[in-house]
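As written, the chains take the letters A, B, C, D, E and F, and residue 1 is the first residue of each chain.
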Amino acid sequence: MLIHLSSWPEIDARLKQTKTVVIPIGSNEQHGPTGLLGTDWLCPEIIAHAAEKTDESLVVAPTFNIGMAQHHLAFAGTISLRPSTFMAAITDWVSSLSRHGFERIYFLNGHGGNVATIEATFSEIYAEWSFVEDRPPFVLKLRNWWDLPGVMGLCNSLFPTGHGMHATPSEIAVTQAAYPERIKTADYSPQIAPNGPIRDALDYRARFPDGRIGSDPAQANPEKGQKIIDAAIPALLRDVAGFSNETLP
Amino acid sequence: MLIHLSSWPEIDARLKQTKTVVIPIGSNEQHGPTGLLGTDWLCPEIIAHAAEKTDESLVVAPTFNIGMAQHHLAFAGTISLRPSTFMAAITDWVSSLSRHGFERIYFLNGHGGNVATIEATFSEIYAEWSFVEDRPPFVLKLRNWWDLPGVMGLCNSLFPTGHGMHATPSEIAVTQAAYPERIKTADYSPQIAPNGPIRDALDYRARFPDGRIGSDPAQANPEKGQKIIDAAIPALLRDVAGFSNETLP
Amino acid sequence: MLIHLSSWPEIDARLKQTKTVVIPIGSNEQHGPTGLLGTDWLCPEIIAHAAEKTDESLVVAPTFNIGMAQHHLAFAGTISLRPSTFMAAITDWVSSLSRHGFERIYFLNGHGGNVATIEATFSEIYAEWSFVEDRPPFVLKLRNWWDLPGVMGLCNSLFPTGHGMHATPSEIAVTQAAYPERIKTADYSPQIAPNGPIRDALDYRARFPDGRIGSDPAQANPEKGQKIIDAAIPALLRDVAGFSNETLP
Amino acid sequence: MLIHLSSWPEIDARLKQTKTVVIPIGSNEQHGPTGLLGTDWLCPEIIAHAAEKTDESLVVAPTFNIGMAQHHLAFAGTISLRPSTFMAAITDWVSSLSRHGFERIYFLNGHGGNVATIEATFSEIYAEWSFVEDRPPFVLKLRNWWDLPGVMGLCNSLFPTGHGMHATPSEIAVTQAAYPERIKTADYSPQIAPNGPIRDALDYRARFPDGRIGSDPAQANPEKGQKIIDAAIPALLRDVAGFSNETLP
Amino acid sequence: MLIHLSSWPEIDARLKQTKTVVIPIGSNEQHGPTGLLGTDWLCPEIIAHAAEKTDESLVVAPTFNIGMAQHHLAFAGTISLRPSTFMAAITDWVSSLSRHGFERIYFLNGHGGNVATIEATFSEIYAEWSFVEDRPPFVLKLRNWWDLPGVMGLCNSLFPTGHGMHATPSEIAVTQAAYPERIKTADYSPQIAPNGPIRDALDYRARFPDGRIGSDPAQANPEKGQKIIDAAIPALLRDVAGFSNETLP
Amino acid sequence: MLIHLSSWPEIDARLKQTKTVVIPIGSNEQHGPTGLLGTDWLCPEIIAHAAEKTDESLVVAPTFNIGMAQHHLAFAGTISLRPSTFMAAITDWVSSLSRHGFERIYFLNGHGGNVATIEATFSEIYAEWSFVEDRPPFVLKLRNWWDLPGVMGLCNSLFPTGHGMHATPSEIAVTQAAYPERIKTADYSPQIAPNGPIRDALDYRARFPDGRIGSDPAQANPEKGQKIIDAAIPALLRDVAGFSNETLP
């Protein structure tokens, strides 16, 4: 069940059966010379929507499409929230969904740069309860899609070299499978991009002139992308089921 | 050109030709017994993407899908930002797009409840410059899709009675044209919903038990929706062109 | 009863009879070559205090004299709050008055530029309750003094041309009636000021060099101002009574 | 020159002669069984406006009438800003006045409870400059009206016993001189109110049941109030002149 | 009992006997040509830890070592919080300690520049309760170590001239007693530093080129420092006992 | 060179030779039945101060002793900042140190729970520069002391079982080496504490009743702690040197 394509009475009825909601969350940011700017929010959306097609009982929220990408701001098309803004927005999403009775809120994340801020937000949210000796009526979970059981292993076997950290062939392949009419090509060199620390935007652009980190995205193709999606679907459904069924102390 | 389905070099190249970007912005909130929760962000997205198909030179950002909907929070599936959060997020979107050289930032809005906060945000952003005797490198514009020239007149002629204020047949028809497989039906009464003030969520639900205000959405059908979309496309393109070409004093 | 000229036991006693309070709210900002900088907070204060003289049972708070006027900051004497500051301050006023038992809080506004931020603030305040499924112990209402029933019709009949949007003859006439010793004259041209969009302060000053928008304030005189005040007094008393007596769902 | 009763060209012209502005600042809060709720903002307003009548070259801003009075919130009619809100608002006033070229900004304060927050605000404002090795284009000064040279000595001689800390006969006398038609009487006991620490609102009300601290306000009369005003006027003018003429290092 | 050198079960057990905690709080800022940058947080730490050695029942929190020192930022080594940050941090300390059952929270302060912000913070904290007609479960107290009964008198007798306001021989002597291996000497002139107002950092450095205000710190020696410490210990223990035993209304 | 035990002229002189500063940062939180509440800020302080004794050219700031520990708040003595407060405070430390010319700011961290918030803060700080196409005048680095090269390997060899995640024998041993008079013992069971997710404070206490996660801290002794310190000292000095000498692109 996709929330945005449902009516409120449908969600109301569904809440009698499940208290879990999945939020695809990502970022809109440069993904190298060939990657789509939406890659990091499209990937979790693609996987979550495909999982919902497999098992319609999965409740999927609209996609949280702008995250923390300050280091990519020297590349056109990147849109970033400051961490403090990102924290406020996640908090309001959680407050809204909790208001309706969702008790297990699962963020399926598509951007490594979001992780620290999402975790800090969870602590900010929990702190409201921890300071007053009360328990929140919800549990929060963050899962990167590539950390779903079995997925990273598959990615590594598909792309044994040049997988890298940013604009990886895995994520680009996933978007190619979903948007084959948007596949782009470009010459770039070196074939495998360099690695290095991530700091501010100008430092990033100086280190990684075409935006890639450690990757060779030309290895991507839609077939490999579909394999990743096909592996991620059952992994996500199992992971969400485990989260839904977890007994709290 | 849809930013999220483009690469950064494509946006970089496009910025040599245009400095204008359109952001579809809306809300994810209850739309009565039959309307989709995503109605208010789907409508501007549908119109902006259709306009981009007509004229690919239009640069369209990802959709800002969660807005200010605190008064709908008593209906399941609604997700709202607090006005202060909404303001921070809009500010960061503007800062990001301005960073790349966009000088005319056009918000195509799909939710009346967003208007006050978006306008307050524009003032908050401008104030940074007004306090220091400097000019911002961008101009901001808010346009509700139903206020595009000619659109509201069409809506009124299509739905002479029972158009109302919320969960209107117009907006529901637009989503039906784009998502015909998601058309929902329901019995409701009275046929035309009541009107009244908008305050907090429980007050809202007490006044408007099924979520509608003043509307009879059963009048919607995909054909009427398509007519509205077809009228909105050229109106949007002309409105954006006028904004792009406006001479500043 | 003017709160600031009363003692706390007097307010305490009055709260046994009424739960409604009126807050004159405006802005301190340029009003063209002849208008007083205080015009926008003086007008609602003048009307509210005159109404209180007519019916002493009206409880009037001190005047909230600084609002959102960032666009006027290029003219000397303007004092503006950022929207975010304005929101925080209104929130604290509401919290204070609610603390004492006021349940209907009515803002009589004198500045169009305040409207968006005041409405956003109402939503910010209501959101605290909407997120937690509770009802606030108060209801908030915003009324511009020129929107009191009958007032704008009178203004238009008094000034059929050159009324305009800012530094209008209506508002200047109201201040002339109350402060006849402060009437100012100046040459200006064109006789009727231009219209245009409102953005940042330097853009504003470039478009509207003497500060007026669409108006010819030389038409103002104290007699016309008194007529407006005389029309506004009973309209305000009726509007406040209607608000006080409104049944909540 | 009172800013709110002037036009912007008048302020513009005056700024060629002086760079100093005086802001009366106070609080709207209970002042015991007989004191006006507005006492703390009326007193600095009365004194500043009287000084402006004596020397019209004094530029006086509108009165900042709501301050930090959380400890008085258990008494009806009190309106308080949180310290954080108060800080934001003062900052915006300073930014606005500095924008026009005022370089010496003098706060004439009427409420002891404001002092800590105003001083903290000055530091918050200065910090913006201190962190970046730059100098602010303005200097800020806080002066309580009773600390103007000679004033407290006069108050003590007029009220040798029962002057106290809150709802003092001095401040009440000042308001009586200005608003003789608003003089109130009440029985209270003990004749001189107790002293004690100031904490939250319920603690305050438990310690000081009628609101007074250490004072016997029945000693106030308009004549004594006028003497205080008459002493404060030249003291203020000299103090402001000294501030205006101070050479910066 | 020093909290940071105890285990949680030890604190848990101690809370059965006392509800009072002492927080040494200060600043890390320049202290003239010879003073340690840590002087203002070392002094209250030295005194509180010495008092805890005398009476182990005293519960002492870790030292809050960074305060409000924006005016010292033109001198290397100074670290300052903005007042707003300082307020947030103090609030979280109070929330944490209150969470465990501490009901009397005593700040032993070592920096005059902290006083306004700490007091504003107390009001910010209390305001949460004052706005909602509830009492906080704790009482807050601020005491500067030099204001402990008897201490300032001793300081003045030890240093009858050149005590001054900043980098005083008293505070430097206290650090010399505790850190005799860190005694520094320097030539400076004039022997007694000038006095003047405190504003932003560059203004401060221009007025007070070596950082001192009104002081002649060369008079300090460890023996005098030890005398001050010895006087402060019993004064602190008595002051804390009085605070612990105070009956609330 | 310890900043807090130096004078400002000493820091000023040192800044001519080095632009790097090390900030020990941790948390004050429960560490199981035997660990000191200060463990997480004492460990990096112990190591950094020991390194400074070895190589006095190392500039060490005062210890940032309170971090993000909301999940430990159900255990007495824990003091936590909210993530948002923590972010503001770190930002002000960085602004202060950068103001003096420090260009490489190295945080030696002692608390795993701090990592997400510190990284989010770095992004918040960098974002100020990334949004405006400018480079910050400093580079930030976070290093957990146990991640210094060679340290974790040593810890694992010293404690092959029962090292765990919280209240580890490693960290407790480090504090025992530095504070041998504060070694505590307690019976606990199970010998090795359970593992599990970290959420709010009551959830934490329910899962980990004595506070430990996965650890058996009774294995700690001062000798092992000294070995860890001895390994960490040269590793820290080399890591800081590498950071200082890193060439920026």
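The criterion applied here is as follows: contacts are C-beta pairs under 8 Å (C-beta built on N, C-alpha and C of every residue); 3 or more make two chains touch, one makes a residue touch a chain.
Chain by chain, the UniProt names read as follows: A, B, C, D, E, F = Creatininase family protein.
Fair warning: this is a prediction, and the values are worked out from it, not measured in the lab.
K.L.:
Check every other chain and keep only those touching both chain C (Creatininase family protein) and chain F (Creatininase family protein); list them.
P.N.:
A, B, D, E
K.L.:
What rotation angle superposes the Cα atoms of chain B (Creatininase family protein) onto chain F (Creatininase family protein), in degrees to the nearest 5?
P.N.:
120
K.L.:
With chain centres set to the mean of the C-alpha atoms, which chain is at the far end from chain D (Creatininase family protein)?
P.N.:
A
K.L.:
Farthest chain from chain C (Creatininase family protein), comparing Cα centres?
P.N.:
So the farthest one, by centre of C-alpha atoms, is F.
K.L.:
So how far apart, in whole Å, are chain C (Creatininase family protein) and chain D (Creatininase family protein) when each is placed at the average of its C-alpha atoms?
P.N.:
25
K.L.:
Measure off the straight-line distance from the CA centroid of chain A (Creatininase family protein) to the CA centroid of chain D (Creatininase family protein), and report it in whole Å.
P.N.:
55
K.L.:
Would you please write down the residue numbers of chain C (Creatininase family protein) that are in contact with two or more other chains?
P.N.:
Residue numbers touching two or more other chains: 73, 80, 82, 84, 96, 99, 130-131, 133.
K.L.:
Chain pairs in touch?
P.N.:
Listed in label order, the chain pairs in contact are A-B, A-C, A-E, A-F, B-C, B-D, B-F, C-D, C-E, D-E, D-F, E-F.
K.L.:
What residues on chain B (Creatininase family protein) touch chain F (Creatininase family protein), complex-wise?
P.N.:
95-96, 99
K.L.:
Over in the complex, which chain F (Creatininase family protein) residues touch chain B (Creatininase family protein)? Could you list them?
P.N.:
130-133
K.L.:
Spell out the residues on chain A (Creatininase family protein) that touch chain F (Creatininase family protein) in their complex, using ranges where they run on.
P.N.:
My answer: residues 68, 70-71, 73-74, 80, 82-84, 87, 113, 115-117, 119-124, 126-127, 129-131, 133-136, 139-140, 199-203, 206-207, 248-249.
K.L.:
Note which residues of chain F (Creatininase family protein) are touching chain E (Creatininase family protein) in the complex, please.
P.N.:
3-12, 15, 28, 30-38, 41-42, 61-66, 73, 75-82, 84-85, 88-89, 91-93, 96-97, 99-101, 179, 182, 184, 186, 211
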